[in-house]
Amino acid sequence: MSFILTISLSIAAYSIAVLGTFMLTGMNGLFSLGQAAFMGLGAYVSAIMVVNYNLPFALAVLIAILVAMGLAVLVGFATLRIRQDFFALATFGFGQAVTGLMTEMVNVTGGAMGFSNIPRLTTPTLAFTSLAVAIFFVWGFRKSHFGKDSLAIRSNELAAKVEGIDVFKHKLTVFVLSAAFAAYAGVLMAFHTRYVEPAMYGWIASVTWIIIVFFGGRDSLTGTVLGSIILLAAPEALRFTTAWRTLIYCVLILVIINLRPRGLFGTWELSLRPILNLFKPKKHQEVQ
Amino acid sequence: MDKAVIVDMNHLTKMFGGLCAVNDFSGHVKENQIIGIIGPNGAGKTTILNMVSGICPPTSGEIIFKGKNLCGMEPHKVNQMGIARTFQNIRLFEDMTVLDTVMTAYSWRAPYNPIETLFSSPRVARFDREIKEKSMHWINRVGLTEQAHAVAKSLPYGMQRRVEIARALASEPLVLLLDEPGAGLNQTEVQGLVDLIQDLFSDLHLSIMLIDHRMEVIMQLCEWIYVQDFGKKIGQGTPEQVQKDPLVIKAYLGEDISNA
Amino acid sequence: MQVMVLLQQVINGLSLGAVYALIAVGYALVFNVLKFSNFAHGGVLGISAYAGYIVANQLHWPLIPVILVGILTGAVVAVLVELIAFRWIRLQKGQLVYFFVTSVTMLMALEQVLIIRFGASFESFPYTLLKVKVIHLGELTVSITYLLSLVLTIIAFSVLLYILKKTKIGIAIRAASNDLVATSLMGINVDQIIVATFIVSGLLGGLSGVLYGISASLSPQIGQIVIKGFIASVLGGLGSLKGVAIAAVALGVFEVFLVATIGSGLTPVVIFLLMVIFLLVRPQGFAGVSFTDKA
Amino acid sequence: APATPATQAPAAVEPTKAPEVPAAAEPKGDILIGNLQDESGGMKALSSAVTYAATLKIEEINAAGGINGRMLKLITYDTRSDVNEAINAYTRMVQQDKVSIVLGPPIANIGIAIAPVSQELKVPVVGLFMDDKCTIQESGAPWDYMFLAQNAATAQGTIIATYAVKELGVKKVAVLYNSQNSYSVGLANPFIKVIEENGGEIIAKETYTSTDKDFRAQLTKIKAAQPDALYFPSYPVEIPLIYTQAYELGLNIPLLGSNSVPPTGLAPSTDPAATTNTFYPYGINPSEPALVDWAATYKAKFNTDAIAQSFSGADAFGIIVKAIEACGDDVSSECLTAELNKGTEYEGFQGTVKLSATTHQPEALPMAIMTIKDGKAEFVTYYSPAGPVVK
Amino acid sequence: MLEVKNLHSGYNKIEVLHGINITVPDGKIIVVIGRNGAGKSTLLNTISGLVKIKSGSILLDGKKLPSSPHKIVSSGIIQVPEGRRIFPSLTIDENLIMGGYLVSPSDLKTRKELVYDTFPILRERANQQAGTMSGGEQQMLAMGRGMMAGPKILLLDEPSLGLAPLIFNQVFELVKKLNHEENMTIILVEQNASIALRMADYAYVLENGEVVIEGPGKALVEDPRVKAAYLGAANKKV
């Protein structure tokens, strides 16, 4: 696979995880330091299913996502009712526990040596279509009442409760969905790099996705997607800066957030309406 | 014609640490009735509404609504059963327009799950359109038509109160709890509010529990009034009775009520 | 013999807890007062540790000046962090959550600064910095750096509690955390108050950085230990420094016992479960104060 | 409207069959050598050693007129010790920069991850990743393009285990290793195996994690088990800590280490009293005059001490250079790979490195057993799994 | 004397006040009334420095006011803001200490006593977290906190909000008392126009960010336009 395609494919896969974080942290203000662990779960479970148990890819993917969602339900159930910073702490602990188990269960996971010999099953088509579907899903989700509920809960939980919104259920739903996104991204990555190791899924990775969401703009889906592409491509683009690379990357983020405290794109959304309107017969013009 | 009791509060007590905010309060609201709760600051009025709306569970006592005890029920359940409220300290959502704010009150009725939003099924579209229309209706009712697309939090204080009322109405409740809706309105505007509540009341067959310190609001609207002081009920009755009650005058109204 | 091993493990746990506690104070100050997770505190800690290392290793300064250098560096870096990562956002009335984002970025950036400057070699404080390293109590040993941490933690906590509860500045710091606008309406210079908060937190960060650097060896990632401060702060309970201290020590003791019984591999799993159980039965945290906004 | 960046997906286009292997390099251009290292991550210290070593060598060669009149150029890409980044970087240096050979990192996980990619891109990697999996496939056959320039972990673990049993006479051994670190795990496993095979007994097996700085819990437990010796294959950050803490807890037994102790020993970071009774295997004997000289040049240039990876890195680079020289005008990946497969002997700092065609690892490279006196490293003997070796 | 001259101000792009002129002589009570959204709070916030001046000026004794809120406070202007804005996680006592941040320690004591005497409930609850107080109690606290500084000029934005009738009267008595006994200049924004206008030395009616009527308070009470728009309910017999 060509270099550009390799990179784009990783960006697409990671963007899906970032979209999960967008729903969870951007829209709902829930900070999870364990999202990467869900990615790891997706990666390990699917890889083990395919490599050790010869399951078909699609089935393995399904199982992996379900496992991640199931664990998200458990973690969410225990922690989403209590204070928000508890959620951050609990997800952090969960992430540590998951990577701990990955390291410990050497017979199944290969431990610190990682799990290799994964076949290359992630095609560019699969990755890019998946990203498109994911974006489309989040877009629809946000436009629906779930989006408004998210905003309401984020800014005043009590008021949201007294108007009938089941805040706990909502948060759980979002958390489980975001876990599914992360897990699926993990699957795509695992079958792309063909090697996974526990160290890939630490809390720093989760934090990176949070940064991406806020960099692009937590109130803008367009911003999140573009921010995600920019920041995921940046390390490659900045290669020429050699050892300064990561520092420059950090400075870039700091500068942008300082200049645009609501993220690069603020609340701006790319709209296809003007384009669509071009194709619409004149008489059908909507009356606003 | 005797109306049936819709919310029955029995021996409600709420302690905060050593402080008894509400002490053995009993009372009820009947169908299509407006009752008032008055009393000095800190008397426990808001706390009563908080208990009814599920925000703070009573230390003891029970609240019967539709044959069920609301105590220990979560706020969203209480709302879904048909009790909506406004807040004394306004609680609006950051960055949301008036319309969006009001629409969220319909969320829990949505018939679709998150996955369906992906396909934008007709159900999703239809529901969203319907609640938009309904929400606009409530916004019109409280007179905020022009402000529908303004960010709720940037509105002047008086209008923010009306956003809260619209949001509560959008829950399509049987019982409406209003905590000082008249605060921050001038004397002419207060009259407008009274008329609004009166209209809503008769159109929607609501039951209303009302807290206010503006006597013109309470006296014009309420059929029955409970008077609280230091957490204790010190009197109840029709507006006329309460106004003449010496205990109430001493604890709450003061000798000279003409200014109020 | 078994008893001695057990006792030694208790000492080990308390020692580790003392280190965590000192790291947690500086973190908790900003966390409790300004209400956001200031991971950049880790960066402050890291830079200070290296600053102490430079004067200890290259200029051969003795312990006390080395610690002072660390403390001062901490204050300076913390103020810089405030200027770079928080000031602008605050002036533009940005939301609090962005502080978390910039603070983590700042942690990474400061880490990178260390990597660029020191990443190519391994550094440790010279062992001669501390003349006596351990105290022997019969068969038991207690490390001096840990004792130092313990004593300094207790002092830092007491001073901090006093400042926050009893002095005007301290109350103003807490007021600022509630409502910046209302604080300025009291005639308080909010900028100064916030800088003051960061200076205090930076002083503590510098102190813990040097001490941690001495007891552990140096690596540019040293700042990530701030996560222990985060854990302790959340478990401690919002608004309570005492709770944070207890939580930090408890964390140290648990870690040591779990490592000694079930091994390091499964320790995070059990810690996670314990944490969840603890949060479920005691949502108000160790300190037991819970503040609920009134409806 | 959906915020789909529609422009994002020229997806379906399969990679056109771009020549995945660079054609024979244009005459007289620089010879490009890829260098896959951690420059901004946690393993920078190890990686830099390799880069520095290669840089020194290149300067030497280029100053002497290059190879066949062509200059060598190192293209270094940062991996941040991140596997994905490493794969991207490798792909990039192969496809965009058209390097014909790559100097690999001293990190096993990256070696393991790169191996299947190298099988596709067909550009050889010579590195220091010590785990067997980096050079040998599941099937037992070597990865065609992966080469290891120092003893594999198995060999290293075996040598110190054998030394411990045979020369130090230890029976009951404790092991303390980092279960999250492939280097540590990779060394601990063969060590344990050899000890047990030789009638020894592992009476305590304790692990720690990468962020740990406090090993007292484990050491207290180990002390209670009363072993004859403790083996701790650890990274350099942890070594002084383990020495110090073991000493403080009164663990007075031989401490067996791995090749991450700095060649100069542990002064001034660690109390010499804590390091007196210690033995570890080393790829080189740092007291050999040639090495001392080179280490001095190295230090003068980079202002940091040469470590084990500097020497083995220099050897890895030397092997690459030797292959390039052998290929003459045709510095293509095919030729270089073929050359590396020939098992040519390379005289390096580590001795005579001869890459086996079946494992792509050096054939039986004896190691120096080192000890520490007054904080300084001291050579004891050369040793191979079979016993002492005289060089 | 405080003079607001041709003041324009507002939020971002929206201009709310369009050329306001107000004169506040020392020792007087000035009342500002107006409908919801007329710009009353914006006016007070501009004086306090919370809202930026777009054009025009605000002069205190002939000198321009400093630009940052805390400096304006040190020049003797204190606002009791709309919606109370007490510090919820601080205790009552600490809230009051904050109110007297710029006051000397001995003054602090006496002023605190004054506040506690005025609102005994605050003394009773001195160590309660302010956020858990009832709405009216919080309003008393906000008022008390404003008194702590002993300002030259006190800006009150709807101080009667949520107060029970008895306390309500007490607050207005307090305003008069502060004005008489401490010679405090007071700018009062109040919805309860009839009572406010009666105590005003001079009053302004704001509509859509402009002063539409002004005059001595007593005169305005009788003004038919004011009666119709702002005193509606007062005319009805309750």
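First chain written, first letter: the chains are A, B, C, D and E, and each begins at residue 1.
Simple rule for what comes next: a residue touches a chain if its C-beta (ideal position, glycine included) is under 8 Å from a C-beta of that chain, and two chains touch if they have at least 3 such contacts.
Nothing here was measured: the structure is a model prediction, and the numbers come from that model.
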Steps in the shortest chain-to-chain touch route ending at chain E and beginning at chain D: 2
A-B or A-D, whichever has more C-beta pairs in contact: A-D
Most widely separated chain from chain B, with each centre as the mean of CA atoms: D
Distance from chain E to chain C - Cα centre to Cα centre, in angstrom: 43
Mean-CA-position distance for chain E and chain B (Å): 29
Computed distance of Cα centres, chain C from chain B, in Å: 46
Interchain centroid distance [CA atoms averaged], chain C/chain D, Å: 35
Multi-partner residues of chain E (each touching 2 or more other chains): 132-133
Set of chain A residues in contact with two or more other chains: 100, 103-104, 136, 158, 243-244, 246-247
Where chain D touches two or more other chains, by residue: 40-41, 44, 179, 209
Chain D to chain A touching residues, read off their complex: 1-5, 8-9, 11-16, 18, 39-41, 44, 76-78, 80, 82-85, 87-89, 91-92, 94-96, 108-109, 112-113, 115-117, 120, 131, 133, 138, 178-182, 184-186, 209-210
Complex contacts: residues of chain C adjacent to chain D: 1-2, 5, 8-9, 12-13, 15-16, 19, 57, 112, 115-116, 119-128, 133-134, 139, 141, 143, 212, 215-221, 224-225, 255-257, 259-260, 263-265, 268
Sites on chain A touched by chain D in the complex: 1-3, 5-8, 10, 12, 100, 103-104, 111-114, 116-117, 124-125, 127-129, 131-132, 135-136, 139, 189, 193-195, 197-200, 220-222, 225-226, 229, 235-236, 239, 242-247, 269-273, 276
Complex contact set, residues of chain B against chain A: 53-55, 74-76, 78-80, 84-85, 87, 91-96, 100-101, 103-110, 112, 114, 117-120, 124, 127-128, 131, 167-168, 170-171
Chain E-touching residues of chain C, taken from the complex the two chains share: 168, 171-172, 174-175, 177-179, 181-190, 239, 291-294
